[in-house]
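This report refers to the structure that appears directly beneath it.
Letters A, B, C and D mark the chains in the order given here, with residues in each chain numbered from 1 onward.
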Amino acid sequence: MPKIMDEKELQSLLGLLIKEYRFIGPVRKDLETGFGEIKSLKELVKDYTNTIEPPKYLFLTPQETLFSYEMKKEEITITKTEEQGHAALGDRPSLWSEGIAVEPLQGKAIQQVIFGVRPCDVHGIRMMDKVFKEDFDDTYYQSKRNKTIIFSVTCTSVSDYCFCQSWGTGPSLKDGFDLLLTDLGDRYLIETGSKEGNEIIGKMRLRDATPMELKQKAAVIKATEAKFTRKLNIKDIQQIMISQPEHPTWKDKADRCLSCGNCTSVCPTCYCFDVQEKGDYNPSNMERYRLWDSCQLLEYSQVALGGNFRRERISRLKQFMMHKLSFSYPQYGDFHCVGCGRCIKWCPTSIDLTEVAKDLRGE
Amino acid sequence: MSVRNNAYVPEMATIEKIERETNDVNTYTLTFKDKAKQKDYSFAGGQFNMLSIFGFGEAPISISSDPQDRNEIQHTVRKVGGVTEALFNLKEGEVLGMRGPYGRGWPLKEAKGKNILVVAGGIGLAPLRPVITQVIKNREEYDRFELLYGARTPGDMLFTDEFDHWQKVKNFRLLFSVDAVPKDQRWDHNVGVVTTLFDQMSSTPSRTIVMTCGPEIMMKFALKALLARGFNSSQIFLSLERRMECGLKKCGHCQIGEKYVCSDGPVFPWAEIKDIPEIVGWK
Amino acid sequence: MPEKKINIEYIARVEGESTLDVHISKNEITDLKLKVWEPPRFFEGFLVGRKYDEISDMVMRICGICPVSHSTTAIRALENAMQITPSAQTKKLRRLLSYSQVMSSDILHIYMLAAPDFLGYESVLAMVPKHLDLVKKAIKMKMVANELTEIVGGRAANPVTPKINGFYQVPSKERLNSVKKHLEAMQQDTVDTLKVVASLPIPEFERKTEYVCIRNPEEYTINEGRLVSTEGLDILEEEYRNHIIENQISYSNAKQCRIKGRGDFMVGALARVNNNYDLLSDKAKEAAEENHLKFPVYNPFANTAAQALEVIHLTTRCTEIIDEIDPKPEDTTVNVKAGEGHALTEAPRGLLYHGYKLNEKGIVEKAEITTPTTHNVLSMEQDLYKMIPEIMDLPEGKLALQCEELIRAYDPCFSCSVHTIKANVKKD
Amino acid sequence: MAEKKKLGIFKLTSCAGCQMRLLYYQHRELEALTAYDITYFKMGKRDNLENIKVDVALIEGCVTNSEQIDELKRIRENSTILATLGGCATRSSLWGLKNNKPEKEIEEKAYKDLSTIHSIKAIPVNDVVKVDYLLPGCPVGEDEMTEFLQSALVGRRPFIKPHSVCVECKMKGNLCILVAKKEPCMGPVTAAGCGALCPTNGRPCYNCRGPMIAANAPALAKEFKKNGLSDEEIYLKFTAFSGLSKVYEEVTDRA
């Protein structure tokens, strides 16, 4: 049953979570907002639309050791197979420097709470969960994911880039969260979506929401929905995206594309990685690690003897957009796009997949 | 620490034997160090393993041995880059890592009672060798068998010492071709790209399953020639190659359209992939 | 005495490439040439036409050891050209940056380049088996100095934060405090370093040349001050060109400098300590006295001791500056103006001069750079002229080694000496 | 214990900063330097062996005179693996600037009497001899150098990032200043490896590492223009550290 809390109760709930968990939430990052570890309520940012990065990096560490091994004589011993920590935030150490981008866990910090995950990102996490589960479990992703409580919020602000409404992945949320907060103006509606969520809220004595207040939530959502300016027509999108690989809009966009990979790095559902070996000055100590990778990069499809399946920039750009808006559906039963608009916003040359979709549809 | 349930961590395997096939191709006979693992391990022809050369990295390599032989596993590898070179520097008795098998193999079940046409180029014969050994071992289950095999030069042909044996099998027809014959080598067969063998081929579309593996350009031409001869898109099977980092449908590299080569393939019926934008041009 | 030839094909463990040729016949030096054959890179040539905001990043690449010096000097010269006065915070942060670089360079020279000479090794690596502790101590110290450069500059080698009128980004107090702890922990090591250096036997040799550096009565200065010497020179930085003249010589890619109307001079740590001993911290002075060091000293081999002394002072000074500041982002806008500007600073190896002329769009029309080693090469040759006759009896190999050691004592940097300036000078 | 591999470090025209990176600015230099048997390293040691076979040769600096061409060829003959150490060796970097103007015009500004100055165009090492690995960076990135030295120890192929600075910038979680502040960041066309140092330190990348392989220079130049940069300013941005690189030609080939 949805409950009601006032500002003071919310503050005390957050305060409690900060104390008891590793608490991640939106923090100021220069001109924008990003996810950061929060030690005091003051750091929390309230007025933001989307964080620069999606929350995926909290589970899929940009660079992470898969295992280390020791090579002594004919014996090879695998010494470390699974990171027990959480992904580090902020200024991540660079590739070969001492630390790896995972923080060891201590005491109660075993569990983390991510506060302020917006509905689109919750859907992104849901999709990533599938990728890292299907066929083979990815223990590295799952070990972090399983220790995470998702505290979502119903969206009330919309940016020029947002189009989650077109997918139905926002501004409201039905599941995928542990806790969900809706700002009703002078009160908050809080809903739980899991056992963990119930346990947290169960400790507080909150009153049930009245039917009136539930209606108020619907009104909040409706008001938000009216704010969207960007739309993606998703009718037949799976076929439309692949119907005209020779359409001039592809070349037009590819000429502008810098192959910088920003689009894929900010996408909440891009999951590709590369695997590399790393040594030491003592050559018997080795490590296998993975690092974030992108289909926009030339080396991504490179194979031995100089072969490359996507040498042309245009073929890489098509891969990104077609994967998001077409291929992912038969793969996972989801279109791997949640309408967060990050790839449009952060593309240095403003390449816009909603525009490409429109062009292909001939609108 | 239990390593077993971590899909990324390979099992240790010993190199039992190294056989030189050509200048740059060796066949490695491997057994898992863990005897129980060796006993449990089973695979289908066309599937592959991820081989770890410790200190150097990992590479996807097809299994080239007989799926019914549970005592050992063979890989036939061409030396082309970092990992494969490092493998070539290993000696018998040394240890490497192996995990698998992954992917979908050749349609040997569908081929039961039917004719089989195999078109292979270069190292592409390696993943098809399990098909050949299986057909020989279970000869009565299949009808006619024809192999078209092409390599760059006679010296680049794989498994030549098995050819005699294969030739003798009932209802087996082998056609060989090379792109060129260096002056010092003898060659009694066809010269030209594999597809030039199609004119001598006896297989027809009727009741035939086609399996092909080789360089992508070769497969393209083979496909064209087959379609032109009336073979339809559900009787042709191709083994595709893409970059792979994990083999576990996670790293994303091996995708072609909606397909993951590592788990939906590497063997695909043409019907399944022919409409993928990146492949449409093949027709 | 038969004919002797000293030919040191390259001076090892110095930055850049050079050859020393000495010809001695009948106890007379008949020929002595220090040839710098480090290939020229023509900075003054290609800087023309570039924009004011690129210059610092480009001139940093003159020298891999003292990028900070070139950056600060260029920035100050350009600020002078555009009549910009940077904030007090900027000045302090620049000091941290420069001091850390002088410290790190001094440590490098003492341990990696000079110590092997005094201890009789061919390189610091050869010292590892017997002197591992010493090497580790040196590495620890340079790490701290580099850390400070990195925190203020973004990167220890070729920093990225300095700009005209300030910094692209200022370091947080938190990070400064973390390095301050390391600086404090390192203080004893700096004192020990001087003890080690002072105990090493150095060749007995003296030549009373003129020692030149900048001076600021308030601070043992590295970044700005008047140009002074042990022989009474005392001028403003913009007057530099009127007093120091420069000649191109036929056998070397480096030019030679002299003081107008006088002759050669020496710059570097020894010049700084000789002129500014009074401004050193008490701790540094105490350490000098304990080790019976009295300045001024006219033995170039004492340069290494001067470096060690300087490190003691600068380590303390950096911790003080860190306490004085809590850096905050500032407005660093630049109003571009046409003009001409000059700046003198103390690079680790001594006096460094940059001068620029800008047009109204901020494009460089003329650039002049004179590096410490350019200032020093003539003095090196003069020292050799005096020293060789004194040690003429040594066997050829030993003689050559001591010549090489003398040059190395200057801590020369031949790669930066070969893009010296075109000066409108008349030959004397 | 097997014999250590032999390492030679050679210098052509450069600022010596990359050798310094090896000798001094590195965090683990003692381990790095003692892992090898260093046979040649003029800046670091006195006993140097000329013309002997080495397993690994690192070349700092680019060629600017004809003697260096012969020297380089000799080093190549004598080494199993040869890699560039830093930007000048890899792409001739800053020194390439003098190639953009008539030689004399530039040299005259530095030297009055040109009769004793022998200098030719600045040529990167890989234009003269076959190079196995290119390690860019000004100075060479510590990460790359470490990866190279560690991998050469066992004969592994080093992983030198072929993509742009943007990838590292994003992985650091930075705010993109090209998008958010319209600052002319060269990150999208610059070879990665520095850990996006400049954007991390609040300023646009100025391309000190030179171009990445797949750079789309015209597209970035257009973006700069849209953000208000003049053709002249764009030209300066793309020429500063690119040396003789062909990657930016479309942007920098002005009449």
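By definition in this document, a contact is a pair of C-beta atoms (placed from the backbone, for glycine too) under 8 Å apart; a residue touches a chain by one contact, two chains touch by 3 or more.
A quick note: this is a predicted structure, and the numbers were derived from the prediction, not measured.
Trainee: Which chain would you call central, comparing Cα centres to the global Cα centre?
Mentor: Most central by this criterion: D.
Trainee: Between chain pairs B-D and A-B, which one is joined by a greater number of C-beta pairs in contact?
Mentor: A-B
Trainee: Could you grab the centroid distance between subunit B and subunit D? Build each centroid from C-alpha atoms only and quote it in angstrom.
Mentor: Here the centre of subunit D sits 42 Å away from the centre of subunit B.
Trainee: Measuring from the mean C-alpha position of subunit A to the mean C-alpha position of subunit B, what distance in angstrom results?
Mentor: Result: the chain centres lie 38 Å from each other.
Trainee: Would you mind pulling out the distance in Å between where the CA atoms of subunit B average out and where those of subunit C do?
Mentor: 65
Trainee: In whole angstrom, what separates the CA-based centres of subunit A and subunit C?
Mentor: So the centroids are 51 Å from each other.
Trainee: Two-or-more-chain contact residues of subunit A, please, as numbers and ranges.
Mentor: In subunit A, residues 276-277, 279, 283 touch at least two other chains, as defined above.
Trainee: Among the residues of subunit B, pick out those that touch two or more other chains and give their numbers.
Mentor: 55-57, 81
Trainee: All pairs of touching chains, please: list them by chain label.
Mentor: After working through each pair, the chains in contact turn out to be A-B, A-D, B-D, C-D.
Trainee: Report the residues of subunit D in contact with subunit A in the complex, numbered from low to high.
Mentor: Residues 27-28, 31-32, 35, 142-143, 146-147, 149-151, 153-154, 156, 159, 161-164, 166-168, 170-173, 175-176, 178-181, 187-189, 195, 200, 213-216, 219-220, 222-223.
Trainee: Help me check something: in the complex, which residues belonging to subunit A touch subunit D?
Mentor: 29-32, 34, 52-53, 57, 62-63, 89-92, 94-98, 255-262, 265-266, 276-281, 283, 292, 294, 297-299, 313, 345-349
Trainee: Hey, which residues of subunit B end up touching subunit A in the complex?
Mentor: Within the complex, subunit B touches subunit A at residues 1, 3, 5-9, 12, 52, 54-58, 80-81, 84, 93-95, 97, 241-243, 245-246, 248-253, 255, 257-258, 260, 263, 277-278, 280.
Trainee: Please name which positions on subunit A make contact with subunit B in the complex.
Mentor: By the definition above, subunit A touches subunit B via 66-67, 69, 71, 74-76, 78, 81-82, 131-132, 134-140, 242, 245, 271-277, 279, 283, 286, 288, 290, 293, 295, 300-305, 309, 315, 318-319, 322-323, 326-331.
Trainee: Under the stated contact criterion, what part of subunit B meets subunit D in this complex?
Mentor: Counting only subunit B, the residues touching subunit D are 55-57, 81-82, 86, 89.
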